[in-house]
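Next up, some structures in structure tokens.
The two complexes that follow have chain A in common; it is paired with chain B in the first and with chain C in the second.
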Partner chain A sequence: MSLTLDTVSKVMGGEVHIAPTTIEFASGSMNVLLGPTLSGKTTLMRLMAGLDQPTSGRVFWQGRDVTGMRVQDRQVAMVYQQFVNYPSMTVYENIASPLRLRGFASAEIDAKVRAAAAMMKLNESQLGRRPLELSGGQQQRCALARALVKEAGLVLLDEPLANLDYKLREELRAEIPKIFEESGAIFVYATTEPHEALLLGGNTACLWEGRVTQFGATPSVYRRPTDATTARVFSDPPMNFVALSKAGDELVIDDARLAADFPTFNRLADGRYIAGFRANHLRIERGSERDLAFHCRVTGTEIGGSESFVHVLHGADRWVALVHGVHDLPHQSDRTVFVDPAHVYMFAPDGALACAAAYADAG
Partner chain B sequence: MRTRWIVPTLYILFLMLPIYWLLNMSFKTTNEILGGFSMFPAEFTVESYVKIFTDPTWYSGYINSIIYVVINMVISVSVALPAAYAFSRYRFLGDKHLFFWLLTNRMAPPAVFALPFLQLYSTMGLLDTTLAVALAHCLFNIPLAVWILEGFMSGVPKEIDETAYIDGYSFPRFFVKIFMPLIASGIGVTAFFCFMFSWVEMLLAKTLTTVQAKPIAAVMTKTASTSGYELGLLAAAGVLTIIPGAIVIYFVRNYIAKGFAMGRV
Partner chain C sequence: MNKTLNHRAWWMVLPVLILVAMNAVIPLMTVVNFSVQEEFYGEFSFVGLQWFADTLADERFQNALIRQLGFTFTILAIEIPLGIAIALTIPRSGVWASVCLVLMALPLLIPWNVVGAMWNIYALPDIGFLGYTLNSAAGLFGHDPASGPWFDYTQEPVAAWFTVVLMDVWHWTSLVVLLAYAGLQSIDNAYYQAARIDGASRWAVFRYIQLPKMKHTLTIAVLLRFMDSFMIYTEPSVLTGGGPGNSTTFLSIDLVKVALGQQDLGNAAAMSIIYFLMILLVSWLFYTLTMQGGKK
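Presenting the complex of A and B:
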């Protein structure tokens, strides 16, 4: 079982929603579509499901061309960000409806519905109620149960947890990989949050403005982004960037010169680059002698319990440092921030990766 | 604080007075109505009502009216359902213009259409049938029904349709089993408005009928002109004409509020 999109594109009203994309999801794989809002995650999913027809390209399911096939005839299940259930039916009937349509015997339907409900932790009294009488989390469990009970080969989850509160989200997210393992289906999970992609594992496809920038095993996409766009999408807060040029064993940033005697930098030819490093690698204390130091201006701090987001301005570049502990740095004060060269990615001016951070190769 | 009740009370009195007067007259004899002014019937009589329920020229008027109103409601709602679904779910060339044009049909007075209808229906041999009136009323009831239903349908998220298709529902099955229950209140409101406009419309109903399919409104005016002034009878007929509307509106009162909230009624 595999799903292949072959140079699939979608243009609506002269606007490109999906640039020609070729991607293959292996059978029984967990796949994450990661991208900001309006990057085309939902559109791509709708093309996979057959809810929309591609402007060009073909969709193959298990090697068979299914482009233009009716949704009803496909082996898909889908869960939306909004809690979509049939309000006029009970939760039980909601979950049973795909099975009823396929003409299962009622004893079998009952067994399957109860199994799915048990997996989604919906109890007997909730099964008898209507979806709108349940809490948001329970409504989404109902929608998930309906998607699972169908035993479809392709399960599409479009930001299923985005509308839930933090605690419920954590709880359900922990269950999704388990459900996935039991089902043996291809899961495609859309999300805007990098850490959700990392938690789910599997493969990740990064999307940016309707283009898949990189597709591969989640940890490797995180560690070795092939371009600056992927790195930006797959970092939260976004990756910090600074334009610089390398001359011999020095890095020149505007007027400042930094010693850059570091193995990964030494392999690079002299020239212009964009350096990138994640927020959690930017420190406000010096870590070691080899750290690169930048003089910045603090523009604000957000304290989030055990960690603080320190917003700084380096020249015209806005950076964020994610540091442990509670720090309340005075607004508009000058501050030197540090980054270990082992955590610095170098991108060519066109965005392509020139060298990955040393730590990525080590791990 | 103490005088707060005055204005609403006066207003309600003002509204209820004619209705009370109609009721009052319907229980009087014509002589008493013409003879003097009294708040209560001196000789209480239900003779007018008895006459209406026993005389075929009277009660057939009600039956005819009810028949064409029901036919019209059924046609309007069943035609408007798919049309409203198309307007609410699909984008097509000129959809917004078409939608607005539907509404403009309601802007022309029925009198404009009386003559063309008369000639068209007489050619087709439909004159003096309840079907003719029911069809004529579709002219302004279908656009209204499409307009109201579209509002209710647009309130149902499109994702429900898609989820149903993914689950394997065919379109007709989805429409009847899932979609219609969701807009049941909208269908109720629509049916009520079709009922109301068709029930009170008199000009087309009178023009297109002569003897067999005469509606109650026509019966009432005729009685007033030919058999002298049977005011008691007329008042009783008036009361009986108000009642069906009052019953129907009682059942859909909550839904109408919802329709108003959606800005579509």
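Presenting the complex of A and C:
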């Protein structure tokens, strides 16, 4: 079982929602669509489900062309950000509804409903109630159980946890890989959060303005983004960038010159580059002798318990440092920040990756 | 924490209290006052609940009540399903949605007595468009014009009822449409998508998604239409004046005849209070029952 999109595109009202995209999801794989709001995640899912028809391109399911096929004839289940359940039915009837529509016998329905409910940890008294009497988390469990019970080959989860509060989100997210493994279906999970993609594992497709910028195993996309856009999407806070040029073993940034004798840099030809590094690699204390130092102005700090976000301005570039502990740096104060060259990615001026950070190749 | 007691705040609500007293409490109490006393050449004497007993036993009141209930349930049975059906056909967004809504709202903007006058002329058997069309059609089907017009709401109770009901449906279905439409608009697109993925039929979408989601606004629609139609006065009064005979004399029309026509104040006051309590009771029962259904 596999799902293949072959140069699929979607244009609505002259506006390109999905640029021609070719992507293949292997049988029984967990796939994350990662991208900011309006990057085309939902549109892509609707094309996969068959809710919308692509403007061009074909959709193949197990090698068979299903492009024009009606959604109800495909083996698809979908869960939404909103908790979508039939309001007047009990939770039990909600979970049973897809099976009833397909005319299963009641004994079989009962067995399947109870199995799905048990997997989603819905107890007997919750099964007897109506969805709106339950908490948000339980309503979404009901919707997930409804999707599971169909035993569809393709399960689409469109930001299913976005409307839940933090605690419930963690709880339910931990269960998703489990139900995925038991179902054997292709899972496609849309999210805006990089760390959600990393927790779910599997494969990740990064989306930016209707384009899949990279698709591959989640950790490798994270470690070796093929371009600056992917790196930006797959970093939270977004990756910090600085334009510079390399001349010999020096990096020239505006009029400042930094000595940068480091193996990954030395392999690069002289010329203009964009250096990128993630917020957690930007430090406010020097870590080692080889660290690159930048003179910045502090524009704000956000303290989030065990971590602090320090916002700094380097020339015209806005950077964020994610540092451990509570740091309340004075606003508008000058501060030198540091980056280990091993954590620096180099991109060509057009955004393509010139060299990955040394740590990525090591780990 | 110490609460500061400041009784001067009461002065702030005084204007509202006076206003409510002037336009609700005092008139209501006047009616209550009349309903338990007999007036004889300016002299008042207490008669207890005599007026209430008389009114309830009065055949004329009972007939008006039966007509009233018949009318209200007829128009509810037509307007609610019709309103839902129309709301379902209005597009969810776009220019046509606005056009439809404006067209729908038009009848609601017309003053009630104008509606009555319009239909009075519209349905006249000889010169009204509706009456003339119906009578011409009846002629084609073999009705003999010499025996008088086939459709004449000024003479025939059935024709009068038909006209009054049609007028109310024309005037007020829009309200149900607008409320049902508001209920439909609150349904997230994801519900329709989910139903499509499940392969649910059009009927299942209506029965399990749209109807439950419209429940609250429909409850309000039914309540408003019940109360308004139960109190209907202006339109039938202008259209038929309660006739022919007493065939379209609903409670309000009867009440006005008793109070102003016959100056029977005690009787009329008792009628008003019975009338008021009936509306209150039915509305309360209906509301409680539908809302309980949602919680259980």
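Here is the rule we go by: the second predicted complex is superposed on the first by the 363 of 363 C-alpha atoms of A that agree within 3 Å, B and C clash if a C-alpha of one lies under 4 Å from a C-alpha of the other, contacts with A are read in each partner's own complex, and residues count from 1 in each chain.
Heads up, the rule we're going with is that contacts are C-beta pairs under 8 Å (C-beta built on N, C-alpha and C of every residue); 3 or more make two chains touch, one makes a residue touch a chain.
Being a predicted model, the structure only gives us computed values, none of them experimental.
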Following superposition onto chain A, is the placement of chain B relative to chain C best described as a clash or a fit? clash
With the two complexes superposed on chain A, say which partner A:Tyr86 touches: chain B (first), chain C (second), both, or neither. both
Looking at A:Gln72 after the superposition, I want to know if it touches chain B, chain C, both of them or none. Which is it: first, second, both, neither? both
Taking the two structures together, which residues of chain A meet both chain B and chain C? 49, 51, 71-72, 76-78, 80, 82, 84, 86-89, 97-98, 101-102
Contact set on chain A toward chain B in their complex: 49, 51, 70-72, 76-78, 80, 82, 84-89, 97-98, 101-102, 143, 146, 150
If we count contacts the way the header does, which residues on chain A are in touch with chain C in the complex? 46, 49, 51, 71-73, 76-78, 80-82, 84, 86-89, 97-98, 101-102
Residue numbers on chain B that touch chain A, as the complex places them: 157, 159-160, 162-170, 173, 178, 181-182
In the complex, chain C residues that touch chain A: 188, 190-191, 193-194, 196-200, 204, 208-209, 211-213
